[in-house]
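Chain IDs A, B and C follow the sequence of writing; residue 1 opens each chain.
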Amino acid sequence: MLEVQGLTCFRQNRCLFADLNFVLSEHQICQIEGPNGAGKSTLLRAILGLFRADEGQIIWSGKSTTQQAELFLQQVFFLGHKFAINSDLTPWQNLEFWSALNPTQNDDFASALTKVGLTGLEHIPCHSLSAGQHRRVALARLWLTNTKLWVLDEPFTAIDKSGVQLLQQRFNSHLTSGGMILLTSHQDLSQEFTQLHTIKLTDNTGEII
Amino acid sequence: MWKWLHPYAKAETTYKLCYRLLPYFSWLAVITLVSGSIWGLFYAPSDYQQGDSFRIIYFHVPTAIWSMGAYTSMAICGLIGIVWQIRNAELAVYAIAPVGAAFTFLALISGAIWGKPMWGAWWVWDARLTSELILLFLYLGVIALYNSFEDKRTAARASSILAIVGVINVPIIHYSVEWWNTLHQGASITKFDKPSISPDMLWPLLLNISGFLFVLAALVCLRLANQILINDARRPWVKAMVSEKTNKAEQSKNRATLADKE
Amino acid sequence: MNNLSTSKPLSYWSAFKSIFIREIKLAWQKPTQLVQPVVFFLIVVTLFPLGISPAPKTLQMIGPGVIWIAAILAIMLVVERLFRQDFQEGTIEAWLLSTVPMSLLVGAKLLAAWFISCSVLVLITPVLALLMNIETHVIPALMLSLMVGTPILLFVGAIGNALTVGLNQGGVLLSLLVLPLYIPVLIFATSLIEAATLNMSYTGQMSILISMLLVSCFFAPVAIAAALKNTVN
């Protein structure tokens, strides 16, 4: 279970949000909404520890993430704006190197890449692929990871309709087996997900719905 | 044991402390510097070897000592800031850096002024002067790094890391330059030998050393208070302080106009 | 299909190996980037006889210093690019989020960079020794000093790069930060070569260089990890 307590973030002396509290339990999905620049990505990064928050604590399974970082990071999957795909390597190599650093359930890169529609392109350098295909290589990791908490920053960017459906199916299966998802997106997800919580970031502070 | 320090992790407490200490440091600085300098420049006996030109040591030695001292304290502040996650300590790094750089610059200038009558050249690649020059570069690096970042917290952390890396290098640089100097020594003595100091010469020197320490402390207090204010400009405690002062100013203005009317 | 409890255990050693291999693979794909610092090294050394004097005695006197200064500048080119691509692609963040300690991952990258960049610089030194009229019996000492010294430059330079990789102008600032820190290495390395020229023992300078190398080996990854964590902020 993820607990965010009293999270306050300032960026260049501008307060993005103050004293934010929420809880994310298993089988739950939470969407962070807000206008551009409201601090959605910063919120995600602050939860992960990539951004130094001014105040606040993140509790994972009852332990603070600053004190028990390893316990937390073992259970987290992150897909950010920059999705860590090296354009000089092939999709296969990218997945290979990624799985050496992250807990995965298997080494089945072939089926993961097939799921995202990159069959036949596994061994071509990524700089020859389109931007959307680039993204799909990163998304393929979703079928390899076995972490509990997924933190995703705008996962649906540059993905077509069928891709969006595929992702939503994957999210659902993850949630059913006890996972949790925290994401930012401009998309309307209320149709697909019944247990959807939202956090709206406005100019000054977050409202939780 | 360190519990009494805990309140100072808060910006507001440190800010107030800086302003409380500032008058003490400033007065002590003025008193010690004025008395030390007058004694040293006019009343201390002149040196048997170097005549009156040695008197520059009353400025050169203190500034050189505290240029190194300031760098060390800057690095210690940086270490405290990183290990214990105290923002004030990281801000202190940027508070100390320009003052330390100024001291280093003064040490270089006074060293050059001393060098001219001794060896006839404005600059010699003496071990001490060369080390001071490199120290100046290290200071300028910390200042430049801080100023390159938009977000000042990231900037403060980065310059803290640089200060720590630098301080490990300072003794290494010092000894390697000294050693290099012995390899390439010319015929003349190249070390700034302190003349065998008689008490008449020592006391003004000690006065000036403490004087420059108080100057350093006073300037750092001032700068740290400013940095805290700049970085916390949007926080509630600053806004409260500003409105309190504006209210007070208005009240005294009103009282003044009332008094005028009467 | 999705089993949240089983996973293959994450081994630090295989993570280390994987990063090392990745760096080698990436460098192999871009041979021009390997060669550029070497050519730069060569060109800079060539400038000195042209700018000062090609007299054999002069060259012999300034030779070791010139080669070392050129090596410093060449390493600066290497170091400037070290974390740039990884930072821009988000790989640094991925490393920070891994349970494998960041210092270990950084260490793997530095080790790979050592093999890739420093070795080519050392291999070309006999040619440069020829250009600077350095006697043949000095060449082993010259190469040894570079073998031990260039990794120190690489590691310390990497700290500078880690601090500034997120900034726009990066390059010049990096040199300002890092060049003063190179001075001790320069002093001891050149003195080592001069001692060798005079047929004197240079074990003193060598042991100092080796201890500097060991210290930077152990502390640079830690400093770099802290710097990178700050840069992604």
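Quick note on the criterion: contacts are C-beta pairs under 8 Å (C-beta built on N, C-alpha and C of every residue); 3 or more make two chains touch, one makes a residue touch a chain.
Since this is a predicted model, take the numbers as computed values, not measurements.
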The pair out of A-C and B-C sharing more C-beta contacts is A-C
Quick check on this structure: which chain has its C-alpha centroid closest to the centroid of all protein C-alpha atoms? C
With chain centres taken as the means of their Cα atoms, state the distance from subunit A to subunit B in Å. 47
Distance from the mean Cα position of subunit C to that of subunit A, given in whole angstrom: 36
Centroid of subunit B to centroid of subunit C, CA atoms only: how many Å? 34
For subunit A, residues that touch 2 or more chains besides their own: 52
In subunit C, which residues are in touch with two or more of the other chains? 233
Could you tell me which residues belong to subunit B and also touch two or more other chains? 151, 153, 157
Within their complex, state which residues of subunit C touch subunit A. 1-8, 10, 14-15, 17-19, 22, 25-26, 29-30, 85, 88-91, 93-100, 105, 232-233
Looking at the complex, which residues from subunit B come into contact with subunit A? 150-153, 157, 231, 233-234
Sort out for me which residues of subunit A touch subunit B in the complex. 10-15, 52
Residues of subunit B defined as touching subunit C within the complex: 82, 134, 137-138, 140-141, 144-145, 148-149, 151, 153-154, 157-158, 161-162, 164-166, 168-169, 172-173, 176-177, 179-180, 183
Quick one: in the complex, what on subunit C touches subunit B? 156, 159, 163-164, 166-167, 169, 173, 176-177, 179-181, 183-184, 187-188, 191, 212, 219, 223, 226-227, 230-231, 233
